[in-house]
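A quick write-up on the structure given underneath.
Labels A, B, C and D are assigned to the chains in the order they are written; within every chain, residues are numbered from 1.
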Amino acid sequence: MDAILLQILNGIDKGSAYALIALGLTLIFGTLGVVNFAHGALFMIGAFVAVTVGKVLEISKITLDPEKTDFLGNPAKIKTPYITEWFGDFGFWLIEWSVLVSVIVAIPIMILIGVIMERGLIKHFYNRPHADQILVTFGLAIVLQEVIKAVYGANPIPQSAPDLLKGSVDFGVMIGMAENSVIYPLWRLVYFCFSVLIIGGVFAFLRFTTFGMVVRAGMADRETVGLLGINIDKRFTIMFGVAAAVAGLAGVMYTPINPPNYHMGMDFLVLSFVVVVVGGMGSLPGAVAAGFLLGILESFASMPLIKDAIAAVGLPSIDQIIIYLIAVIVLLVRPRGLMGKAGMMEE
Amino acid sequence: MGILEVQNVNKRFGGLQALNNVNLSVEQGSVHALIGPNGAGKSTFLNCLIGKLKPDTGSVMFDGKPVLGKKPHEINQLGVSRVFQTPEIFTDLTVFENVMIPCFAHRDGAFKVNAFARVLRDKEIRQQAEHMLEDMGMKDKMSVHAGSLSRGDKRRLEMAMCLVQEPKLLLLDEPTAGMARADTNNTIDLLKHIGESRNITKVIIEHDMHVVFSLATTISVLAQGAIIAEGLPDEIKGHPKVREAYLGEAEV
Amino acid sequence: MSKLIMNRRGLLKTGAVVGAGMAMPTILTAASHAGYTNAPTGSTVTLGFNVPQTGAYADEGADELRAYMLAVKHLNGGGDGGMMNTFSSKELKGNGILGKEVTYVTGDTQTKSDAARASAQSMIQKDGAVMITGGSSSGVAIAVQGLCQEAGVIFMAGLTHSNDTTGKDKKANGFRHFFNGYMSAAALAPVLAEMYGTDRTAYHLTADYTWGWTQQESIQAATEEKGWQTAANVLTPLTTTDFSSYVAPVLNSGADILVLNHYGGNMINSLTSAVQFGLRDKQVNGKNFEIVVPLYSRLMARGAGENVKGIFGSTNWHWSLQDEGSKAFVQSFGQEYGFPPSQAAHTVYCQTLLYADACERAGTHNPCGVAEALEGFTFSGLGNGDVEYRAEDHQCFKDVLVVKGKENPTSEFDLLEVVQVTPRAQVEYAVDHPMFAGGALGSCNPGS
Amino acid sequence: MNLMKDRLLLIIFAAVVLAAPLIFAPTGAAYPDLLQRFAIYGIFAIGFNILFGLTGYLSFGHAAFLGVGSYSAVWMFKLLSMNIVPALLLSIVIAGAFSLLIGYVSLRRSGIYFSILTLALAQMSYNLAYSVLTPLTNGETGLQLRLDDPRVLDAAGDAGSLPSTNFFGLEMKEVFWNPTIFGYDLQFNWGYYVCAILLIASFWISIRIFRSPFGLMLRAVKTNQTRLNYTGINSRPYTLAAFVISGMFAGLAGGLLASMDPLAGAERMQWTVGGEVVLMVVLGGMGTLIGPILGAVFIKYFENIFSKINDGVLHGWFAIMPEWAENAMVLIISPFVGKGWHLTLGALFMLVVIFLPGGLVDGAKRIGRVVTGANRRAAKVGIE
């Protein structure tokens, strides 16, 4: 029981990241009809915004410590972040909560990156075949990740969560189970709550604002909305920015979970495409549901119990391939995905 | 027994009864027009004939063989060709290639491994295609990319692609939609000419009554998914139900 | 020794030789009919440095390249001579190798066997390299070792920790300076038993590929010998990025030790997850729960950040060692680049010097002569105490370091502290040890 | 007319391929291993172009067939004989069978869905080959020859060293002629000529397919599959045949890779390798005859030559400049070469997709048009 609960928690936690990336991906597909292979790179850039913010906050004044020496026998350097000199305790607080600062910084930056990407590149590909869109965004993804590698190197760069949110909590006790049965990292719970917040925000934005309603109408029938004299293109551009911001924030918040590296975007890209396909291309609720569903299934597949059971039948352990297996099955059995529009891609 | 026998065909889209117990019999060699107001179910009906849609119930027999459940290419191989409302052609290929493809389909069937034959060395196919283009008056455009043709030429090209297969039944979905009067008359002449030189049965959907009454030997009227009248053109002209449902609002 | 002063610019130029080759005639290669592949005929001898420059291990590759360039500089008489001054063999004079100036070419392995072999091939066929070295994974090392065997050049393996490199995939033309899974286990187990007791139950998470398996096998055997039990061994796919679902069940499995048989990005992420799950704050079976990472590298420690604090593992070498060789190397590397060298840098630097020295002693670049000179060679002064290159399997035997993540690092390079230097005798094993069985060294191949 | 043109193209192509060790000498690429790779990846790209270039079906999974081909070949070397003929035959057959299976499943969908299906299937193959199937693939290390392999037909060899792959006695790694021409030291190698002959044969097959009714149907699939079906053509077997043909080409390429260098690694099956062949075809010009080969040469040149330009080499290039200028140049260029070669490749690829959708072949044509100036109007009409 507790083992299953743990894996469900793991599943929704992984699912949070999948859902956030897939949400933007499917939003872009639904609004602009573009298959964006560079979306994983946006997730990665978000993470590196956090790295950059952390580094900027820690820009330090260097003084020499005459009493200590470094490995070469020279006087050791003492680093004092300027921000702590200027603001004192508040400066230390800022450094500790740099993830939060990054979230605030990342929103405008990611929207800007998204809008620039759409206006500068994607726009020219609306009328080209899907294959061309895949290829050009694939190229862009390579360029973006190589630029990050050139600046930050290939090694992961650890980012820590604020002290308050580090470590783990006894989730089992919270819900009335025995002590020590379900221990779960605090930050991962925060990540889940954060993603629910973001997903809720995006849905509310689309549902309850006029802007959102127009966008939804445009997703359903672009021409008609265009005929009404509404500049739908401009709104779609902004939605691209929003999608980029969602991916970016997913990246920022992910940094304390796993140290970010330059190829993390590619690692998530294939997965998030599978999520979009399983959920139904262009379906927002589908992407979210599929994200969580796949996260949970993946977690279950990696349970030792299940691995042993499968090995006992003589089959290879499926945790390696479960995501792909599901993608293949869904595409063959129900190609429109869980919640895709009927008739979509069914030919 | 007609070449095409449609019996009790029903098709439902959610709450909409698109086809309601449609019965139709098309005589060999006739030109059977299917008319009706917008949304009457004409295109749905054609789509059922060529395998694009599958009716919920009913049967369709072509040339004594059942059609339902067959794939589009199988139905075509039985001898049914269709001209679409907006021309469906191979825009990236040349006009000549566009016409050669149905020639191959007609001669070699739905699939043949012929990866080492040379298209241009196939005299039989070349002659067929050239001949057809000549008939259509498009020989000078043979090496033009089909995508760059004018709208009228695209339509003629599609017609050529269907005719070169010598189908037993030709389905025409508004062949003159959006055409100027002169082009329309040309098309009428063309279709008449085809009817005479080859023994092709035609089912034609058309809004333009001028076209309908110039060509049709039989007319069926479809309204709200059901056939409400059928007969010779003159009978239909005077049919009260038809007037009520349809002709009242059209020029006659 | 002579201390030729050479500025960096001049050195780089001489080190630059071929590489791109545009508008430059190719150097005489393969069938040069001097009895062995790529016999150097001019005034220079070319070495091939084949390291990952793209992909996840690019930073490790970059550090290896730094060390190679430093070694070339020292061999050609530049700089302060580094470990050449402390090396027990005194054949190297700072005049290149056998009087020929050392030049080099670099390539990108991409940490893929295929690309690594292509890159090595071009060094052999096009640039006339007489020795290939480098790499950052066992798969690549074994693949390139096989190639060098067939082509008839010497291979000095770089970073490869799998038992197989000098076990079932050993080759006569290949030598490994780095330690291996068995040696890690042999060094770690006694320390672990001493620190954590003999009544422990271990839970293994193992990367699901060859290196992971040999590593896990070694650790399990060594710890069980000390009385530990093994609760489970769960294989994790190489492509895993989030290890939460593998780490979560550990706490309730009855185990009180978690062994992470992971390397690189896998290790960084699995350790981070394990610490997040609060494993180290817990008590199981009345004992503190502990995590062990059998193979450490400084770059990994850096990637895992504060999560490595207090966690035990093993490493080939560390810059804080206080023997003369290590000190000389750290000094010379630090002067050049401004930060201390990694174990990868140390390994490849040593290998370059050892190769050069073997050439000098053999009096030829012929791989058979060099191999003979290296086989059974014992030396000291390159860190790690007295070292032997065993003739039978070309594995290097030396002291192994047991390290622990430092609690209070003073800089971003000061992440590990040496807990114990396990003497060589303790990590040695028989040539026919079952974990290394199944291969044949073959005979050395000088090529054409 | 067309026939003559094709014949001329084939003759020129064959001449260039056969003279490659001389032609590539000034570029620094004229060593056996790279020339072999040019030819092998050329074959791979030619095959892929038959699927992607003609039908427009974008598969990300063809690396799997390359890998399967390599594994089959190495197993043949291990079990039967070091002669490359049975190995290549088995590679083609196994890759063909495997692609029939994968193609049958994934061609049930089209467009992006097809791409994702192939990607998923390839990634599954890679994951399995890397770990679970290790007894068959030797996992991380890759499948390689061993001294104690049975090799039924020619087990007897020199003790202590591995026999080399051969074509009825001609050793693949042997350089049979080593002249110095125009100051370049040339290496003529059997392995390369085996690859070259097969490349020319593949090119010839590709011409024939392009000009055949079969090729015509494939192009029709790309432009309007619906119409094709209503014209009485069953497009599924055509696309499946194209898929299998391209899979067999990939298998041949994989078998050749193993024949030149008897090792088969799991990385060969990764989807990024499948992505690489897409890059080759697009970069060169999809749907053109010569484009894929150009693309393959271009990318392999990048991977093997560009990646070896380190700072030292750069300093060498700019040594004639004053020191500050030299350093500045090195500083500017070094992020794009050596360890940065991926960046340049990605950027270049983007530029091609954006500005030259027809690839290098298209670019060459445009330049040709500018240079000749003639037929400009005619060409324009053709494009519109």
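Methods note: a residue touches a chain if its C-beta (ideal position, glycine included) is under 8 Å from a C-beta of that chain, and two chains touch if they have at least 3 such contacts.
Computed from a predicted structure; not experimentally measured.
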Worksheet item: For which pair of chains is the number of C-beta contacts greatest?
Response: C-D
Worksheet item: In terms of Cα-based centroids, which chain occupies the most central position?
Response: D
Discussion item. If you average the CA coordinates per chain, which chain's centre is most distant from that of chain D?
Written reply: B
Worksheet item: How many angstrom between the C-alpha centroids of chain C and chain B?
Response: 74
Discussion item. Between chain B and chain D, what distance separates the C-alpha centroids? Give it in angstrom.
Written reply: 46
Worksheet item: Centre to centre, by mean C-alpha position, how many angstrom separate chain A and chain B?
Response: 52
Worksheet item: For chain A and chain C, what's the span in angstrom between their mean Cα positions?
Response: 35
Worksheet item: Among the residues of chain D, which are close enough to touch at least two other chains?
Response: 127, 131-132, 342
Worksheet item: Which chain A residues reach two or more other chains?
Response: 317, 320
Discussion item. For this structure, enumerate the chain pairs that meet the touch criterion.
Written reply: A-C, A-D, B-D, C-D
Worksheet item: In the complex of these two chains, what residues of chain D are touching chain C?
Response: 25-34, 37, 127, 130-132, 134, 138-142, 144-148, 159-162, 164, 173, 175, 178, 183-185, 187, 257, 261, 263, 265, 267-268, 303-317, 319, 323, 337-339, 341-342
Discussion item. Using the touch definition from the top, list the residues of chain B that touch chain D in their complex.
Written reply: 50, 71-74, 76-77, 81-82, 88-93, 97, 100-102, 104-106, 108-122, 125, 145, 148, 161, 165
Worksheet item: Can you name the residues of chain D that touch chain A in the complex?
Response: 52, 56, 58, 105, 108-113, 115-117, 119-121, 123-124, 127-128, 131-133, 271, 275, 278, 282, 335, 340, 342-343, 345-347, 349-350, 353-354, 357
Worksheet entry | Touching residues on chain C, where the partner in the complex is chain D | 9, 12-13, 15-31, 53-54, 58, 61-62, 65, 69, 104-108, 112-115, 117-119, 121-122, 125-126, 137-139, 142-143, 146-147, 149-151, 162, 164, 169, 172, 208-211, 235, 237-239, 439-440, 442-443, 445
Response to the item:
Contacts from chain A onto chain D in the complex sit at residues 35, 121, 124, 128-132, 134-136, 138-143, 146-147, 150, 270, 273-274, 277, 281, 316-317, 320-321, 323-325, 327-328, 331-332, 335, 345, 347
